[in-house]
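In what follows, a structure is listed as structure tokens, so that the remarks can point back to it.
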Amino acid sequence: MPVISIKMTKEDGGATQEQKDILVKGITELFSEVFNRSASNAVVLIEEIDMNNYFIGTKSVKEIRENNKK
Amino acid sequence: MPVISIKMTKEDGGATQEQKDILVKGITELFSEVFNRSASNAVVLIEEIDMNNYFIGTKSVKEIRENNKK
Amino acid sequence: MPVISIKMTKEDGGATQEQKDILVKGITELFSEVFNRSASNAVVLIEEIDMNNYFIGTKSVKEIRENNKK
Amino acid sequence: MPVISIKMTKEDGGATQEQKDILVKGITELFSEVFNRSASNAVVLIEEIDMNNYFIGTKSVKEIRENNKK
Amino acid sequence: MPVISIKMTKEDGGATQEQKDILVKGITELFSEVFNRSASNAVVLIEEIDMNNYFIGTKSVKEIRENNKK
Amino acid sequence: MPVISIKMTKEDGGATQEQKDILVKGITELFSEVFNRSASNAVVLIEEIDMNNYFIGTKSVKEIRENNKK
């Protein structure tokens, strides 16, 4: 407990294992501290989603990134 | 706001970007209209799932499609 | 097919059934049209989330709404 | 009804179709029996997640499996 | 491992604890058998959704149930 | 970006707003730091689930907590 699902865009070749490990360790330990619960059963799922499939305010993140470069 | 997740089977090579853009634009604008809320923070995630991993009434969509062709 | 999950904040007493029906009908028919697939198996789940439990950019929607009124 | 999502690690090349069929058939029929509801609209989604993206108690399943082999 | 989420409509006052226990035990043991993996870390989440918020083919389950009674 | 969903059991009356704010702020800032991305569009959803509906290794968290007290 808990189950934490992280849905993020896959960018620059995707997250490195080191980045994922740092993120998950930090999140799990923070949860454990804030709620004073053991982290041994904490589940974290990282789902990297294609930038073409992740939309914010009707625009895909791909389109948003391209517009930002103009 | 909101977060809308669309889980659909990947068929005929998968959805084109145009189809995704039309779908997301339509859904986001409809939500915005119905609830009179800004769409700027609306998140839509499209997850295309293999037909072998999507089951309806115990049958995979792959099996259903094949049965429909018989 | 597909499964569409809509996670939205519960505001002003929550969405009316009419609003939900309009939203779901519109989304399902749009999906059916765009992908030329039957809507008979389309599943849409509406999950209304407390404004205190929905955060954008570290702030809860409750806090965001209160700041907007200032 | 219902929508059942199964998120599992992809191991040993991934689940075979036979394994998935047995799992989905068993789960759907059990649900139908327990709640005395038709299974015709039951949706089951299998999402196989990379062992590097599935964490339990801050460790990825990959790391856990490797530690178990030592 | 795995994480299994069951989204079902809340009907007749909701599922009893006994029904949930039977369902979860059966699903977890079946998964463990089929994939020959320990069930000790298996997580199952049951989310009971209001019949007004669960739609199949544009109709809410509430409406479907009512039509079935006519 | 990203969408982070936290499914946790509702215990001791549920999480306080302060606990949620600390958790979300910490998670969002950590994500932003690790991936060097703006947090302005980060969405975090907290879903508090009844202890009777959250199962680990076939036992509900309620049952697990009760066994721990014996």
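So that you can tell them apart, the chains are marked A, B, C, D, E and F in the order they are listed, and the count of residues begins at 1 in each.
Just so we're on the same page, a contact is a pair of C-beta atoms (placed from the backbone, for glycine too) under 8 Å apart; a residue touches a chain by one contact, two chains touch by 3 or more.
This one's a predicted model, so the numbers in the text were calculated from it and none came from an experiment.
Identification of common neighbours of chain A and chain F yields B, E.
In a homomeric contact, the two copies may use the same or different surfaces; for chain A and chain B, under half of the interface residue numbers are shared, pointing to different surfaces.
Using mean Cα coordinates as chain centres, the one most removed from chain D is C.
The most distant chain from chain A, with centres taken as the mean of CA atoms, is E.
Chain B and chain E have CA centres that are 22 Å apart. Here the CA centre of chain C is 27 Å from the CA centre of chain D.
Across the assembly, chain B contributes residues 1, 3, 7, 41, 43, 45, 54, 56 that each touch 2 or more other chains.
Of all possible chain pairs, those that touch are A-B, A-D, A-E, A-F, B-C, B-D, B-F, C-D, C-E, C-F, D-E, E-F. Per the touch definition, chain C reaches chain B in the complex via residues 1-9, 15, 19, 22-23, 26-27, 30-31, 34-35, 41, 54, 56, 61. Across the interface of their complex, chain D is touched by residues 7, 49, 52-58, 60 of chain B.
Those residues of chain F lying in contact with chain C across their complex are 17, 20-21, 24-25, 28-29, 39-48. Listed in rising order, the residues of chain F touching chain B in the complex are 1, 3, 41, 43, 45.
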